[in-house]
Structures are given as C-alpha cells and as structure tokens.
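Below: one structure in structure tokens.
Each chain gets a letter, A, B, C and D, in the order it is written, and its residues are counted from 1.
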C-alpha cells in the first residue's frame, strides 16, 4: 500500500512536469497546427537562467528573467522563423523546431559546459510525512504550481479572449472576418507557451540536475503524453501527459525498469494507430 | 477504341535535341571512374578509412533521399535500419562466418524486412506523426537490443571480422571499394527508378495521393517499396560501419546519427541526389577535421544552425539551387503568360 | 538535358573527396620541447568536446600537468609532447582519430579515450596494429581481450572486489545486500561482476534492479529497496545525474541503507546534502593528504575545477610512459616492454604501480565516505 | 447497348446526415452521361462512392459486369475507371508530360529488374509511352506546354491537363467532376467540343455538373440528384420537362 501511494505521488509529479510542456504544445497546436519541439530546450534555458548563469541575483529576479527570456525566444522564433516556413509547409517548421532545440542546447553547452550541474530547489531539501506518504517540498511545489498554472490556463480560455482563440481553431478566416486579430492572438499564445516551458524548466532543474540536452527527451516524452490524451484540446493533452507519468511510474514499479522506454514509445505508436485523436480526443481528424 | 486519340505516328515529338549536354554523362562516368582509383592516388591508411566512412554516410543519406525526397515519406527511422544492419552483419558475417559477398546481401534482406515492418507499423500515420512513430520505432529497437543478452546487451559485440571475397574488410581500400560499389548500385537504382514507372508512381504518391490512387497507383504499396529499398541500403551501410568501427553496440541506434544524416539531407536538398552527396562529403570531412579549424566545439551547433537556416531561407536545399534557373525562368513566364482564367 | 547534367554533378560529387584530399594535420600539440633534446610524441585521443567532454577534459588535463612537470624537471634525455586528438565523443571519430594517430601520424603509443563505446573500438584498432595503448576506463574486457592495453586505474572487477571485501568485513548475519545498476555497459557489467564476487563470499544479493539511464524519476527503484531495507545498496551507474537522483530520492523516501558506488564524477556535487554518507570506490580522491592535495592543485592549474580520478590516473600514466620510454625505447615494441618492466613504480596519485605480472597496474581501490565537505577513507583500513 | 456502370441503392451517411440516400445510376457504354444537381445535392459524394474514394454505407456498384462495391479507388482505377476532381488534384511540381505519363501507370508493364536498372526494354517502353502521351497532348492542344510545370499553367489549362491524365489511362469509364467549374465561357464551349469528340471516339464519360446548360446540349442521358435522392433519370428532353427537376433545380435561380 505504501509503495502504491508512493508510486502514485511520484507519477503525478513526473506527469505534471510533462504536462507543463504538453500544455505548451496544445496551446500552440489548437490555434496554429504547429508543434514546437523547441519548448523542451526553452525549458532547459529557463532552468540555466534560474540556477546556473546568475547565482548572484535574487531568486525572484532569476525566475522572472527565465520566464521573460523563454517568452522572447518563443515569440521571436515564431515571428522570424517558424511563421514563414509554416505557411508553406508545416512539417518543415516542426523539423525546424528540432533544429532550434539542437542550437539552443549546443549554445548552452558551449557557455556552461556539458557536465551536469546542480540546481538547488527554491523550496529547500525538506521532506514532509503525510500519513504513509513521504514527499519532498519540491515535489509538492511541482504539484501546487502545476495546479495553479493549469487553473489559470482554464480561466484564460473561458474568458472572452479564450473564446476568440477557440473560434480561431475552428476557422482562421472566419475568425479574421469576425475581427479577431489572429496574428496578435498567435503571438500571445506563443508567449503563453513560453511561460509554461520556463515553468517546466524551473521545476525540473532540481529533480533532473541541469544539463544542456535535458530538454530533448523531455520534449519528446511530453509530446507522447499529449498524444496519449489528445493534442486537439488543451485539457486532454494535460490529462494525457499526467497519465503517461503515472503509467510510466507504475510500470517501472510493478513490471520492469529496463523496458520503460519501450513502454513509452510503444504506447505512442499504438495510440497513433488506434486512436490518432488521443484517448479522450474527439473523433475530428487531427491533421498536421 | 482509342485509336484516333493515340496514333503512334507523331514520333517526332519524342526525339532528342542534340546539345553539348550529351558530353555530361561522359564526364560523369569519368568522374565516377576516378573515384574508384582515388585510394590508389591518395594512398594514406587513415584517409582511406575516412573515405570509406564518407561513402557509408553517402549511402545512408541517399536512403533518406529515396524515402523523403522521392516517396515523400518523412521517416526518422534510419537509425533503426542502420543499427539492424550493423547487428545483422556481425551475426551473419562476423559470427556465422558467411562471406560478405553473400552476407551483405543477407544483411540487405534483413534491412528490407525491418524497413517494410517499420512501414507497415507507421504508414497508418502521416507527416509529423509518421516522422515521430519512425523515430519511436528506433528507440524501441534500441531499448530491446540493450536488454538482450544474446546481442551482447549494452556492451555490444567485439572481436569479429567482416570478410568480403575472403579478405578482411579492415583493409580500408577494400572497404571503400565495397562501399563505393553499393553506393553506385544505389545511385543507379535511384536514377533508373526516377525515370521509370515506379518513379512516377512515387512522384504521384508524394505530390497527391488522391490523384495517384485515381490513376490506379496503390500508394501504400509504393511507400512500402521505398521503405524496403531504403531499409536494405541503410542496413548495408550499418554492416559496413561495423567493419569500419570494429565493434557493434547499441550506440548504432543513437539519435545523433539520424540527426546528422537529416542535416545532410536537408542542407543538400531532400529532392537532390547530387546536393546530398556533395553535402555528405563536405560535412563528413568538416566534422572529422573540425579540430584543425578549432571548430570541434561548434560542430553540432553548426549542424543545428544549418537545419534551421536551410529550412528558412533555402527550402529546397543546396540542390535546389541547381534547378533554380529553371524555376526562375518559369516564374517569369507565369507572369508573362498568366492572363485571366481563374475568375 | 537536365538528367545528364544531374548525373555529371552526382559523379562530380562522388569525386569531391579528391578536392578535399590532403590529410588532416595532427591536432593541437602541448608544450613544445627544449631545442637540443629529442622530442618524444605520443597520441592522446580524448572526448574533449561533446557529451563526454567532462571525462575527456580530465584526461587531457592530467596529461598536460604531467608533461609540464616532466619537461620542467628535465630528468630524461627527451622532452615529451602529447599530440591531442579531440574525438568529439563520437564513436566513428574516435576510431578514425586513433587510426590517424598510429598510421598517418606514426605515433608509437596511444592514450585514451575514456568512455567504453569509444575506447573499445579504439583498442581494437591499436591491437590490430600492435601498438601499446594506455587506458583509464574501467571495463574489464579491455585488458582481458586486448593484450596491448595497459590499465592505469582500477578496472571494474578490482574496484568491485574492494567493495565486496568491505561488505564481507561488515555485513552482519540477517542483513541483506541489494544491487542497483544502470542498463549501460558500465552498470550491467558491474552488476554481473558484483553478483559473482558476492557468491564467492557466500552472499546472494536479495534484489537486483536494472534501470534505463536518464529517467526523470527513480521512485520505483527506491520503493522496491525500501520494502527489502537492505544494509548495503551496491550501485553500478556512471551517469552522475542519475546517481544524484537515486541518492536524493532515497533520502526523500527515508531509505536507510548505505550506498556504495563508483565515483561518477560530479554526482556528489549534484546530490548536495543527499550525498552525505555516500561511499564511493575509486583509485584516487582529492583529499587533504599531501600528495593528493598537490596533485589536485596541478590539475586545477590545467583548468578543471573538480579534479577526479581520471585526471589523476592520466597524470601517473604519463609519468609511467616517460619512464617506459627512458628504459625501453621509442618504438612501439620498446615502449611495450618498457611498460611491462614497470614495477613498484611511484606516481603522484598512487605509489604502487606494478605492470611486471600483468597489464593491470593497480590491485585495489579505496573506499571513502563523503562527509559533506571532503572524503574520509574507510577501506582498506 | 451494354451497361458499363450500374449503381443500386447507394447510401452514405455522415453522422446524422444522409448525404446520399438510396440513389441509382446506370451508364451505357459509349454514352456521354450527365449527373446534375444543385450545389450540396450529394453529387460528389455519390461519385466518390462509385469510384472508391469514399466508403459506402449501403448499396452496390457493378462495373463492366463485376461487383466492385467497396473496392479502394486505386483498384477501381486499375480496372479502368479514371476520374478528375472538382478541386484539381495535379502533381504541381512536375511537368505536364510527366503528369500525363503517370496516367498511363496501369498500361506500363515491365518487371522490377527493368525498373531498378534502366534496360533497353525499359527505354523502349518508356519512349513509346512518351510518344503516345505527346500525341495525346497534341490532340488536346497541350503539346506546347508539355515541358512546363503544372504549377505555372493558367487555371483552364490545368483542368485540361487533369483530363488528359485521366484519358491517358485509356479508361473504359471516364468520370469528370465539374470540369467546367471556374472556366470562362469560351473555354466551356471548347470543353463541350472535347467531350463530344471523346464520346465519338468511343469513350464512355460520366460528367458531373451543376451547369445544366452545358449538359443538356451534349449528353445522351442525364441523372438528376437533389438532396441526396435521384429525382429524375432519362434523355435530356424528358428530364428538362420533369416538374420535379424544374422545382428542385431550374426553379432556383442558378446561373445556367
């Protein structure tokens, strides 16, 4: 029982981190049909800004800086690179985002070196005992921050602004005739995905340690999670990512540690073949 | 019943215009022949090895050209085929002792099976999802091999010899020539296919699957064919790599390989065989001697930048520049001739 | 005729190799030598850049520090000059650079690289050419399969024997031992060796857990351990971030077992407070002891912040190589026999190198506990 | 006259909506048969079912005496049923000639060895094939554009290329989905002439249009579809007089 509770908690924490990136994917995908694989690398940069590059600044300044830089990277890469390519060929734009994540990782590696570096949790190294569950302060913070951010996202999308975003997903031209400034909305969404990426990086650092290529696998696994739930809606993408975290942890705990990678990617292929819109996705065709 | 519409009497339209262009194939053959004698001209052990590695990279990059450029299947699963070929070569040639003259074709067969299998699994999806399912396929194969004791697990297999016609392939000239032979075979196949029925079927499948099916082309079958041929040659490249590296371990499935070959294919131009070959040679040489230029720290950064900048500013890659005069002339004539018609 | 033009260009492209011909020059050389003395050049193939740069730079720093000291002392009638090849943490390039070093550049002896996916093919190359090869890596197969390798450091089986000796001396009846390993060549190899060596002292590990490298979370490993609550957890994992994650989560979940594992460079730093009490097994530690402290200083002067055992072993290996050249000669065969002649050779990192019986210079490692600020040696006592 | 195509009771549902409801059509060999109906009548869905592009929820399709219900489109095409599309589906980045040569896919038959290694046989077959296609292009007045990329051509020429590609496959039934859509008046006239000459040359053509004027003048038979149902079927003069047709179709001010 204790093991089970412990595994569930760990799965939720891992899943929440995946879900932060997955939310970033879905926010962009629902409005533009674009999947930005560089979000993982943006998370990595957010982590380095918070924990490595500027240790002399106060924590809050570092965190804000991480968020601002992530937003800028997000928006600039869309405005100057992805947009022009995505108009002609969406797949090229997606491959380009892979290229960008290599560029960012290598850039950081050249500055900070390839050796993993420690990241000290802003919430300390304390551990709380809640009944039979022991959970670190940092893990709890991950869950709390995740819930707050997801709730905020839900509020944004219920508001009038959110309606216009959903209208855009339905039909871009229609949205434009209704007077919704799609370009500005898209830039706003890229900024939003930047915030989520930065949050993922800041929360992941103390768990994974900082290393330049940490974002690559994070980006892939989070995508698997989003696909599992359904990339077509933000809520299903988030739930899918959390589910993947749980599934992975329970599989590793009760079945096999060695074949964890096989599990993750087999789930991915299976879902895409059997239910391309995700387990919770509506039947509408997902297109890229 | 179609007699009047299809008389075979107007043969004049099919004639070839005489031009200086007819000299070019001859130049091509001469250049290809010089490439054969090159290791005798530049007789340096390590450099000959580098040449053989370059040829292996060219083969692998051209399998990407075949899949992505010709068939329009955006597969990132090359590493799975390459790795399968590497292990197959070690087991078939290195351990069982079947000579490479037969063994490498068996390796190709294994690769073709893996390729077709990958196609069967992933062709239910398209575009981005296909790219990622093929990538995932590679991760799964890597994970399974890593955990399989009979393939040496994470340590892989060492202490084998790859032979070809009774000679050891650790002689770099021989390795180069065998590789070059397969490269030429692949080039001939690609050039033949492009001008034949299958090439047009692949073109149709890539440009408009709906239209392709409307003229009787089984698009799925041709995509599987592309997977099979690409798998066969990627596997041979993997097999030759084991003769080059002298070991095989799960790192042959690594994503780094896929990414560097992807960079080559994108920069060279997915549609352009000459573009890809030139870039494969240049980048392989650049990476190997990067430290001479003090650039080894920046190799992967440069690869990433090349992918981003090429896609942004030169979507057809360097190879696209070869056709660009034609494209420019075409756009000019559109402006000149396009009068009304749409509305 | 576009088609023919394309063919010609294709063919030209294939030939392009010629245009690029002209063999690469040997790379960056270290300190130059004195004018009147002969110069002895040797190859160092290292992962200076790429994913394993952390190891490669340690190797190079050790070599450079030793070369500086040897040339400054001037005890030999030659000056040492390392020819350093950066193999970019890529297997194909590591093989290629090794080939270039021993054929085109005609160097008689090779040192490095470190990571086993790179050094095994490299050793295969030197072995086929009959060139002696100085290695630091821990994989036992290296010295077992390749008779030209000389091991400067402790290989996995020796380190693990040290661990098993320690367990044998301290394990009380009724207490369990568990093994945790990464499914890498290092991790899996270590787990197999430990299981065999434990069997020799009549101990069966109550639990063996393999795990894929680079996981986000190791709670499933820790919960399994917690259910068993063994006295010792023997860890075979060379990925510093993974070691740190395991140690941190073990502390978070209240696992009380003692962890003993290899010195995955940097893991202590990454684990922070969770590393206190972690026992590492390693041939060398940057401790307060005089020799160790002075070596650490020399290595830091070469630009590495936290000197590890790889740099220290590379330092001693370079000293040993100079000695072997002085006693044997400068050809591959002479260096080979010179190295085999080293017995009771005193380095700075270790004082008891002996290659006269086999190619494994050290017979044992040292176990030390990290106390939060430094290492305390606990075995052999 | 032999019946070449017969569809009975074809039905297609999308969710709760029945797009085509129990519709029949019969096309005679060598006939020029029209399928008309207002926008949204389900014409394209109907034809997509017949040609295997869309799946069938009920009914049967018989082609040249064989039951072909539910066969996939490439299979239909390989049996000799060629078609064009309402929104043109061309190989844009390829030359006109290469588009048309692709249309001959089902007639080119040399084995894989001849594909992988360009043999004299391949060369011979390909040359004959190219000549045939050039002759076809000449007849359709497309010969001058043979080497141009399809993407460069004006709209009307592109529609013609699509038809040429379908004709190149020497189909026993040629299905054209709104070939006149978007064409200026003069081109529509020329199109009509081409269709008539095709028919005279022995082709069987099923043509879908909402431009009723064009079809009335050239077709041998007409089927009228409205809201997914067949409301009239017969020779043009009879169909024109049908009150249901007048109400459902001509009654509305559709520009004919």
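Keep this in mind: a contact is a pair of C-beta atoms (placed from the backbone, for glycine too) under 8 Å apart; a residue touches a chain by one contact, two chains touch by 3 or more.
Since the model is a prediction, treat every value here as computed from it, not as a measurement.
When every chain is represented by the mean of its C-alpha atoms, the one lying closest to the mean of all protein C-alpha atoms is B. Our note on geometry: chain A versus chain D, Cα centroid distance of 48 Å, whole angstroms.
Each chain gets one centre point, the mean of its Cα atoms, and the points for chain A and chain B are 34 Å apart. With each centre defined as the average position of its C-alpha atoms, the distance from chain C to chain D rounds to 71 Å. Per-chain Cα centroids separate chain B from chain C by 37 Å.
Across the assembly, chain A contributes 258, 261 as residues in contact with two or more other chains. Across the assembly, chain C contributes residues 49-50, 183, 210, 212 that each touch 2 or more other chains.
Shown for chain D are the residues in touch with two or more other chains, of which there are none. Contact annotation for chain pairs lists A-B, A-C, B-C, B-D, with touch applied as defined.
On the side of chain A, the complex with chain B involves touching residues 35, 81, 84-85, 88-96, 98-103, 106-107, 110, 220, 223-224, 258-259, 261-262, 265-266, 268-269, 272-273, 276, 288. Those residues of chain B that touch chain D in the complex are listed here as 1-11, 13-14, 188-189, 191-193, 195-198, 200-201, 203-204, 207-208, 210-219, 330-331, 333-334, 337-343.
On the side of chain A, the complex with chain C involves touching residues 2-3, 6-7, 9-11, 13-14, 17, 113-118, 120, 125, 127, 134-136, 139, 204, 207-209, 211, 213, 217-218, 221, 249, 252-253, 257-258, 260-261. Residue ranges on chain B touching chain A, taken from their complex, read 74, 121-122, 124-129, 131-133, 135-137, 139-140, 142-144, 146-147, 259, 262-263, 266, 297-298, 300-301, 303-308, 311-312, 315. The residues of chain C lying in touch with chain B in their complex are 1-18, 20-21, 23-25, 27-28, 48-50, 85-86, 88, 90-93, 95-96, 99-100, 103-104, 116-117, 120-121, 124-125, 128, 139, 141, 145, 183-185, 187-189, 210, 212.
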